[in-house]
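Going in written order, the chains are labelled A, B, C and D, and every chain counts its residues from 1.
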Amino acid sequence: MVTLKDYGEYKTAWCPGCGNFPLLRALKLALVKKGLEPHQILIVSGIGQAAKTPHYLNANVFNGLHGRSLPVALGAKLANPNLIVIAESGDGCMYGEGGNHFLGAIRRNIDITVIVHNNQVYGLTKGQASPTSEEGFVTKAQPDGVFETPFNPLAIAVAMHAGFVARGFVGMEDHLVETIVQGIDHPGFSLIDILQPCVSFNRVNTFKWYRERCIPLPSSYDPYDWEKAMKVAVQWGKEIPIGVIYKNDRPSYEKHFSALKKGPLVRQKVDLSKLKKIMETYA
Amino acid sequence: MDNRCINILIGGEAGQGLQTIGFIFSKGLVRSGYSIHVHQTYESRVRGGHNTYSIRAGVQKVLAPQEEIDLLIALNEETIDRHKEDLSSKGFIIGNADLNRKEKNWIGVPFKTFGDEIYWNTAAIGVAGGLLGLDRRILNKVLGEVLGEEKALKNLSVLEAGYQWLASQSFKWDPLPFISNPSPRFLMNGHEAVALGAISSGLKFCAFYPMSPSTSIAQTLIDWSREMDVVVVQAEDEIAAINMAIGASYAGAPSMVPTSGGGFALMVEAVSLAAISETPVVIVIAQRPGPATGLATRTEQGELLFVLHAGHGEFPRAIFAPGSIEECFYLTRKAFELSEKYQGPMFILTDHFIADSYRDIEPIPVETLSSIRPGLDPNEIESPYLRYRITESGISPRLLPGLSKHLVVADSHEHTEDGHMTENLSIRPKMVDKRLRKGQGLRSEVIPPTFIGEPESEILFVCWGSSRGSVEEVATLLSSSGTKASMLHFSQVWPMIPEQFLHYLEEAKQVISVESNATGQIAHLIRRETGFLIKKRILRYDGLPITPQYIMRHLKER
Amino acid sequence: MDNRCINILIGGEAGQGLQTIGFIFSKGLVRSGYSIHVHQTYESRVRGGHNTYSIRAGVQKVLAPQEEIDLLIALNEETIDRHKEDLSSKGFIIGNADLNRKEKNWIGVPFKTFGDEIYWNTAAIGVAGGLLGLDRRILNKVLGEVLGEEKALKNLSVLEAGYQWLASQSFKWDPLPFISNPSPRFLMNGHEAVALGAISSGLKFCAFYPMSPSTSIAQTLIDWSREMDVVVVQAEDEIAAINMAIGASYAGAPSMVPTSGGGFALMVEAVSLAAISETPVVIVIAQRPGPATGLATRTEQGELLFVLHAGHGEFPRAIFAPGSIEECFYLTRKAFELSEKYQGPMFILTDHFIADSYRDIEPIPVETLSSIRPGLDPNEIESPYLRYRITESGISPRLLPGLSKHLVVADSHEHTEDGHMTENLSIRPKMVDKRLRKGQGLRSEVIPPTFIGEPESEILFVCWGSSRGSVEEVATLLSSSGTKASMLHFSQVWPMIPEQFLHYLEEAKQVISVESNATGQIAHLIRRETGFLIKKRILRYDGLPITPQYIMRHLKER
Amino acid sequence: MVTLKDYGEYKTAWCPGCGNFPLLRALKLALVKKGLEPHQILIVSGIGQAAKTPHYLNANVFNGLHGRSLPVALGAKLANPNLIVIAESGDGCMYGEGGNHFLGAIRRNIDITVIVHNNQVYGLTKGQASPTSEEGFVTKAQPDGVFETPFNPLAIAVAMHAGFVARGFVGMEDHLVETIVQGIDHPGFSLIDILQPCVSFNRVNTFKWYRERCIPLPSSYDPYDWEKAMKVAVQWGKEIPIGVIYKNDRPSYEKHFSALKKGPLVRQKVDLSKLKKIMETYA
């Protein structure tokens, strides 16, 4: 039986009170709930406060470049589909620097779970606006407030018919754990955008602010209804719906490759006799 | 031995099927026992413009392209106007009779009588085959193999008509000697050899974003991916491509990314990631003239110093620059082996010229070759497992994630031995040193430059990568005409080990570097590594490959 | 003259306001007439960990950081444990009385009696100010200016309390001499100087993506953007940032992109674009230890060769590496001028150390400086206007789009003189040569390395960029103690003109290079450009800057 | 009076019959209709067959890197908002390599017109799948057909509340000209995705295929209705709606910068006396 202990307990470099703490806990709880052992899991992250997460629990880890967790996760999953692959990073990393890979990963529908610590700010670099910062959000680098409309990851993911699209909030542990479990269970690309207060640089979207707004989707909600999902995905303001917003069952990317039908690449030897035949076609 | 060569240039527009008939004819020549060397030129467009496919053929190994044309096969009139100046004194021009050209060796073929315009190219090689005295059964067979039976059917009769028409004429041509019972050879271009070399060494994953002239590597892998169980992913961009490859390699699939200079520029950050995370990855940079878009379909050797220093931070690497098709195959294998052994990015520099250059090679006995198996046996690892254990060689134990209880932690930060990020500054220099120590291992495995010729020669030509053939030909030519000349060719351009070659430079009366770039990059590098200054440089940077003739012209010039 | 220095280290956690009080105290010292030099260290986190802010102060120009601490201001106990070893024999430790430390020069301050914990830092500098004999009115004033009136109010009384408490004690401190009527000086760090230098030379546009330690350049520009009518855009990524800057510059706004190694790696393709499109752009690479993420908040000089060769294809460039705050200002201006004149990418290498290092400088008379005006007068252009006209200097007439009837066509392909893409291969070498000829102009404007000392010295130290101060200090120190030593500092590292400095190298008995990297990059470059081999190298790559003490230790070692 | 002649007539490197020819013509017609002179216009392009377009008409041109037309266009527009800036490239360039800039440009709503030659294939590199290639589309590089769901630029742009979102088809000249005119007129980010058959590499989405499907939106259609627009944007198959699908009037990006209120940057001198005052704050 896997327990929380198996996932370890580490000193972090996060600020006291940061929303990353409950997120880390929820992630561990979800893994325990799934009965997964640390070595079955690979967590790939980018760079940022959020991206430090995999250093704070037991798992296989690839902590790569800012913005590039998704392609690394995809490569690893294709090399060994037996791995449970989680890509984890911040809003800046996933939706800013990594925006193009976000689009690519959704289109492919590869079976990875993407956990985004969305604190609506660049935490590690000390408080510049992030893609999800709200219009008018004032920072040192945006003294006149943000001019751009915020990036709505859920609206884009639903518009692109992503496999699984959900929002969580670190202030609602059980709900978050359940959402992560469902994301891991979903056999395809799963996006979980998690509202995660940054107590140092985001004085607008605080625990309180989110708590007053986050409302779980009712159990009657049908995540397979695309049109409704699209409407839910753009809701933001007085009420922020959380839960699984959209879902479909298209086959995941790695299922398409003939090479993978024989098992993970990592176990396959090169068939040199076949190659010999191929070489002969060059004669 | 007969050391004559003939040079055939097929010219026409993109879309006229030049490459197909050029390839068929090349294969016919090789099957007939001749050695060949193909050089292609084309523009950055899909239809129209002016393309060429040159085949130089001979009895002895053909090393290089040739500028003078012995047989010009003109699929359109522009071809004649552009190339007739290069025709040798006994050269022929094959073209459409209707053009009514007045050149003295004009072979006006009544193509119209053979069929629709789309078959004229086949007719032309029929005529050429007849002229060269090629066994028509060989060409017939190749045609069937290349076009597929159905398509071949109509073409076969046109080919035959070409042969027959030629037979009815009385053009005088001094053919290459007939070769009886030729031993089988492979016809392969540089990028096919890279791709097949990669597969043979264990490649399981390739990610790419299309870019000339690198696409043909990915395409060759795709062509054989189902048979060889290789996963090839067309990525959203080059940054994704290399990060995917790094991810796949981390998880145990030997990986490669083929690209060109501009695409590689986008990969530079991830090169650095491969270095610090100590993840094997083989990167092929198929060079073309820059800066930026430059000349997308031409050739250059302009990225040596760029690739040598690409990536922020300091780490060891090896860079190969194959000068022949065989080297394309075997050096790719070597790159994979070093990449796995030393756990980091390794580089191969090809270029447009060698990428497309079909040549005949000795069959490669792939079944006798070894292939790499990534990672160590987890059972032989002591606990706690330390991904970045500090060792004397700098090489740390690499395990693959998910295959045992050991957790494999790879990191882009400076890290402790267990892979977790650290801000402990006393660890930093130890890790830097550990990574750099792998460079010593790499230095101990360097393939020395190839020296051909006699020591203490009048002229020593220094070259690297694809220009080898032309330089070798010139050196041989000069030597046979009384000027002692030799060649020093770097097929591995980094690391550079002065002891392997400095004496050659010092012994020669004159050293001349020959490179397809404008600044003389290998000369710079040799200066830096040995202090030896190469004063005379023959450089070419108009997008065409270095030819023996180009070298000879520039030798005379001063 | 009194050449004593005192070194004050303030230590504590991120979030304890170290930087604020460090800055206030620095400013107080400068206003009091002292020369200062600040060195900061911090971790890659926002709260917690261990940070330091060191101020070295003296009567004469202070050049470098110092390892020995004369006054340790400990905002937490960890600071004492970490740094007490470095305390000089007469050094003091200021800390919270409750810690009850037993060190001999312990100044236990009853902070609790002064107010809430958030005010303890201010109290500490009150005590320190008293100890150093600083005029409290100066610190009061600075406090008000930095914190704003409201916030200052409470702090002022705490500061006062600190002074008073110290006065009531009897610690013996040999203060720096009092300076009457000090002449005004600016307190500025390296990145502020880069940003202000850029504005002074005409910068109108900056695009950036946050990355330590480069962000402070963009931040300084943002801070003054409204006053100085500068547009600063936070881009979606570094690729966007540099392409935006190129677009803005093409359209007439002098542009800059600040970044660090990893961000710059992503810009490499666009560097090549700036080169072939001949668009001015100034790129600042604020170095930090790599590869990849490395140590995000530490210092290194690891990108010299990377930046020198970044970009596919071949083209000229200039690279500056300021060694002082003044050079940060003036060399940035120079980079803008060259960039506009030679129409291409120019580079500035800073690093974490100089970025954050506040120092006092002579006031800069900006009102006397010139600023660049991009492009030529369209009325003086003959028709047809040729953006890439081939000229002797290689410099073509640059017009700005939309300001006249002339059409400005810029292209990333190889192009004809009018800017349109071409596949005419005879144009190619002419355009390559044209672009490379601009390199000759750049060579004619190179700032020679600074030589300090006497020729034919025992030891000649070679250095570049931010390590200048420490090297200069060591050279002076050695000379004054009998070993003739001198310094050769490159503030422009490329192009390199051997005639400017080779004789210094040849004349010296021993040449030692001093660099903050692991492979000795300037030594390599000198070897390549001059053939001169620097055998002894003092290298540091643990993330901390080179200090005079570090050099001395390594001199002795062998 | 500006006429078609002012925009010149050039030899191209396109294949005979390519959909780029009518597109180029429609663009010129739109510029003439607007009465714009060549020197008032800046066309920024990337790399690809589409991206060659600016070489084939008279205008200021910046032909940059593959995928990077949008940031160059943005920089130029901010330097000189008087320029009419058009970014023009292919589907691979804009939605593949340039995907992240596409997201960024939409969020900023800068006043540029983006013309995408959408031939659903990589033309210049000889026929690999592009982001807009349909699932199952077979190419040499995708012998088993495309595995990814296609990138729907319109759905994403509408989901992100882009300023102006339209689709055109080169086979309907008047409609296309009118759409481009409206795009240029719109004071903010305007996306015009243009269906442009590639006769060499796309044998599925041919002139005929598009002609049978493209249906102009009715004149009663209200492009300000986001919910309806979202539904229209995802329509693809038997009927492909063309015209202005969505539109809103939020202020364009360049309006926010105080520096630009004084006119284009390119005309502004540095005020050294102001800088002197700033320098003094460092004393």
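To be clear about the criterion, a contact is a pair of C-beta atoms (placed from the backbone, for glycine too) under 8 Å apart; a residue touches a chain by one contact, two chains touch by 3 or more.
The shown structure was predicted, so the numbers you read here are calculated from the model rather than taken from an experiment.
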Looking at Cα centroids only, farthest away from chain D lies chain C
Quick check: more C-beta contact pairs at B-D or at C-D? C-D
I'd like to verify one number: the distance from the centre of chain A to the centre of chain C, where each centre is the average of its C-alpha atoms, in whole angstrom. 38
Determine the centre-to-centre distance between chain B and chain C, using the mean Cα coordinates as centres, and give it in whole Å. 44
Round to the nearest whole Å and give the separation of the Cα centres of chain C and chain D. 41
Identify all positions of chain B at which a residue touches two or more other chains, and write them in rising order. 43-44, 49, 226, 236-237, 239, 262, 269, 273, 277, 292-293, 412-413, 421
Touching at least two other chains at once: which residues of chain D meet that condition? 47, 64-65, 97, 99-100, 103-104, 131, 258
Contacts from chain D onto chain B in the complex sit at residues 13-16, 47, 49, 64-67, 96-97, 99, 122-126, 128-129, 131, 140-143, 200-201
Chain C-facing residues of chain B, complex: 43-44, 49, 239, 260-262, 264-266, 268-269, 271-273, 275-277, 289-298, 300, 302-303, 305-306, 308-315, 412-414, 421, 423, 425-426, 428-429, 432-433, 436, 517-519, 524-525, 527-528, 531, 533, 541-544
Write out the stretch or stretches of chain D touching chain A in their complex. 97-100, 103-104, 107-109, 131, 144, 147-152, 155-156, 158-161, 227, 230-231, 233-234, 250, 253, 256, 258
For the chain C and chain A complex, residues of the former touching the latter: 15, 43-49, 209-212, 215, 218-219, 222, 226, 234, 236-237, 262, 292-293
As the complex stands, chain D meets chain C at residues 37-40, 42, 44, 47, 52, 55, 58-65, 68, 70-80, 82-83, 100-101, 103-104, 257-260, 262, 264-266, 268-276, 278-279, 282-283
